[in-house]
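To keep things simple, chains are lettered A, B, C and D as they appear, and every chain counts its residues starting from 1.
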Amino acid sequence: MGSLSVVEAVTVDVLVGWLSAFRDAVHEHGAYLTELDSAIGDADHGANLIRGMDAVMAAVASPPEATGDLLKKVGMTLVTSVGGASGPLYGTFFLRMATASGDATSLDGPALLAGLEAGLEGIVARGKAEAGDKTMYDALAPALAAFSSSLDGGASLADAARAAAGAAAAGRDATEPMLALKGRASYLGERSIGHIDPGAASSALLLDSLAGALS
Amino acid sequence: MKKLINSPEAVLADALKGIDAAHPDLRVDHQHRVIYRATPKADGKVALISGGGSGHEPLHGGFVGPGMLDAACCGEVFTSPTPDQMQEATSVVDRGAGVLHIVKNYTGDVMNFEMAGEMAAADSGVRVETVVTDDDVAVQDSTWTAGRRGVGVTVLLEKIVGAAAEEGRDLDAVLDLAKRVNGQGRSMGMALTSCTVPAAGKPTFDLPEDQMEMGVGIHGEPGRRRVPLAGAAEIAEQLVDPILGDLDFTGSPSIVMLNGMGGTPLIELYLMYGEVATLLEKAGVQVARTLVGNYITSLDMAGASVTVLKADDELIRLWDAPVETAGLRWGV
Amino acid sequence: MKKLINSPEAVLADALKGIDAAHPDLRVDHQHRVIYRATPKADGKVALISGGGSGHEPLHGGFVGPGMLDAACCGEVFTSPTPDQMQEATSVVDRGAGVLHIVKNYTGDVMNFEMAGEMAAADSGVRVETVVTDDDVAVQDSTWTAGRRGVGVTVLLEKIVGAAAEEGRDLDAVLDLAKRVNGQGRSMGMALTSCTVPAAGKPTFDLPEDQMEMGVGIHGEPGRRRVPLAGAAEIAEQLVDPILGDLDFTGSPSIVMLNGMGGTPLIELYLMYGEVATLLEKAGVQVARTLVGNYITSLDMAGASVTVLKADDELIRLWDAPVETAGLRWGV
Amino acid sequence: MGSLSVVEAVTVDVLVGWLSAFRDAVHEHGAYLTELDSAIGDADHGANLIRGMDAVMAAVASPPEATGDLLKKVGMTLVTSVGGASGPLYGTFFLRMATASGDATSLDGPALLAGLEAGLEGIVARGKAEAGDKTMYDALAPALAAFSSSLDGGASLADAARAAAGAAAAGRDATEPMLALKGRASYLGERSIGHIDPGAASSALLLDSLAGALS
């Protein structure tokens, strides 16, 4: 909020800042995520991400130099500490982002976007979610689209990230009236309608944390 | 929240300590959270691994032992285990004949086991096959792409397929049998109360005194619909009808399980089974074997589920074969 | 009240129907409400009868079978059976070597079994001996003339003495052994919640979220004292300390049961056992055999009890002897 | 209340009237008895007596001629249908009263009193309760004492029974501050103090029903 230094190169430190902000966010909103998951799932989404992000922050205490190495560590840590649906999904997100980022020690806007997009493709490859299935995809996809068009329109990284965070929040809210077609919420049939998807809510936190880290 | 625990974070680690202390014929890998037989099976036999979130005990750790599983991978409460656990267990239990992964159909379980299979094949060259159970008739299959949940049939499958592996059948045969058992089993569950996930600290849903949930799974999730509380006979009908409507069970011997959700005492489970047995008899289903008790639970949820498996002489024979686990034990 | 029942009045009759349907190796006399082995034991062997109020399942019906009981007399929920039930069962199971009545120490149970013994002796000349279990250290023995309650040791006694009867020991020897087992067993229980007696329709007592009852029996009665809710490790201490303070268990192998009250899921029972095992080890108690699960319950009460039996090589051998019942099964 | 015919000979019909009134009373107050038993027992005293008295009324549908035969039937029915502590105790009460009554087709005041006293002796023989142990004895004993001294003082049967009922009620209330030394309530130790004993409460109903039947 009105930060003085504007980030234009996403270094390992900035990425760690993002992860750290996300860890704080899932701690702060863990009960809320679990409450959403109580309504249409199994009441563990908050606990899952708290466990995962605590493990991530421990794993990146002395971060490697390359962004790809850092993100790979994040992905592997999530895969091996979270479990459930969100573990492989968020894990795959970071693993694919790691591959896209490679040896680079810092990412510019287009490189960051490419990484995020690769990550989202990973989620789709694992979970086969489509738009409107009421999953994290419904927050992430519009967020990356907003990120992309902001950059295309010449926005700063910080502004693009803020636009993405806003779109993610809108995407999260848009899951409320949806009928779930993926994950446990789909077992509820019509009863899934009227509740925000917990994964979409955590994804909105992920994008919000990114915007914070880039501001 | 009233639970016999030290802290929500320590539930799994602490429970594994107790399992370890209580069962000298099990070996617990506390780091990977895997429960093994203390004495591995003989070389050349197919090994069976199952696993999933915790909170369903005795499933799966209580079914590790001669005649059933070789290892169970324990996830956090209601959270599937991670691929590294399954990968570790896979390489430990392999006796050179390959490993069958028994996975209940939940997005998380399927994805984690999938990743484990990829990792195990890449790392150690162990041949892994997977059977995904999906017997819950509460979920309308076609419409929902996540498919039906895997519930009660998993218990029966682990017993029957475990016996087949013990006989020395190869991985293809074991996989075929597993798929056949899954394909011939149907389940339906109901809840009188929600359960409380330790980390959540309060009941997953509120259920008024005069209502119950029909068509629940095993994760404390709300069911397909909330209906007025009814007597045992009517509840039995609501459980049995959709099962019989989904598959024709006449003309074959059946194996029937009346399962408790964890918070329902045995006297009620027996009472429910009496009602279910009456309905099955009326419908011409011949019950050859019966199991009544808590076998696949949902923490402290009050409720019950019915599983009917259309069997045949071979399946009955495998069912009757010796089994020596904490949760099922006979013929030894 | 949320229960899987048809009506409070029909609970026992309906549950017996289910037990009958589920267990072909049991025979249920629905008129007298007695559960028998389908195949009686051989002539010339002492027979064992137990019984009590219902609501404690698997006790006692789940312990009828080779290696354990010959018959279980089922009273209404939490109400001891009537003398005519015990008298009928006594004359049915007698194989000419006399019958041991296993009675938990409650005024009602003791009086009804006493009348049954008088009637059986008068009517049929069957020799009847009685062992009254009273292992509950929560009750301060000397001050209360009703004496200590019979709880968990009853399960262990039925197993061990059942094996001795199966071996062909005579009634005096069987009675001696039974008294010895009872004298060497101690139990202590606690509750997180009350239970609901079907006929009462609501919980027997209210227990605030932050309180628990220490020193409860198995009838949903309030305990000796209400204390603040604690973690599993501290609860384990409150259960184990009074047991170890009442009898010296060092220097002998022990058999330990961590028992659930009916509404507590297995994951919590294992977790509790982990804590209990740690405490026993610290105290120098050598645990030779362990049982974790719901064996003597109090309807849907959430809670647990610990029983420690000071054993010896003979008791361990009898413990390990084959048993084939619905509730306990090994070695067969 | 202000009945016209005053009973001076207790026939089988009068006894059946007594039992019938007691059956009605345990139905009416069954929940109350169970509530008392919830506080210091196992929450079944009401259900036990309802089951028992329903069985009794079915068993005496065509009553025998002798009071002793009727009372024996009552006792046996209670013994074989109630269970718990109250089954043998109330059962023995009626069985001993039956023996005392013998072949008589009707009982005068002293004969009725002798029967009741024999019954109480039976309860003591079975349960070994003493005054102050907080049991049904604490209602029954003062009731029979009052019955006896009323008759001695020349009171009518109805008045003696009313005095007995009053003393039973007072005895019941007097159990409240007592520390239980018999039955399940004794397991509670100090916590048994401050609650009325359920068996004393049902015994007060038994005496109240007798007073009603004799008025």
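Just a few scattered comments:
By definition in this document, a contact is a pair of C-beta atoms (placed from the backbone, for glycine too) under 8 Å apart; a residue touches a chain by one contact, two chains touch by 3 or more.
Here is each chain with its UniProt name: A, D = Dihydroxyacetone kinase subunit L; B, C = phosphoenolpyruvate--glycerone phosphotransferase.
Every value quoted in this text rests on a predicted model; they were computed, and no experiment measured them.
Between the CA-based centres of chain A and chain C the separation comes to 54 Å, rounded to the whole angstrom.
With centres defined as mean CA coordinates, chain B is found 32 Å away from chain A.
Shown for chain D are the residues in touch with two or more other chains, of which there are none.
Among all residues of chain C, those that touch two or more other chains are 77. Arrangement of the chains shown, judged by which pairs touch: a linear chain-to-chain path with two open ends.
Remark: the chains found to touch one another pair up as A-B, B-C, C-D. On the chain B side of its complex with chain A, the touching residues are 8, 53, 75-84, 106-108, 111-112, 114-115, 138-140, 143-146, 149, 197, 199-200, 204-205, 217, 219-222, 224-225.
Note for the complex: chain A touches chain B at residues 34, 38-44, 46-48, 51, 79-89, 126-128, 133, 181-184, 186-189, 191. Chain contact summary for the complex, chain B toward chain C: residues 1-7, 11, 14-23, 54-55, 57-58, 62, 77, 192-193, 209, 212, 229, 231-233, 235, 258, 262-275, 277-278, 287, 290, 292, 294, 297, 299-300, 302-304, 329-332.
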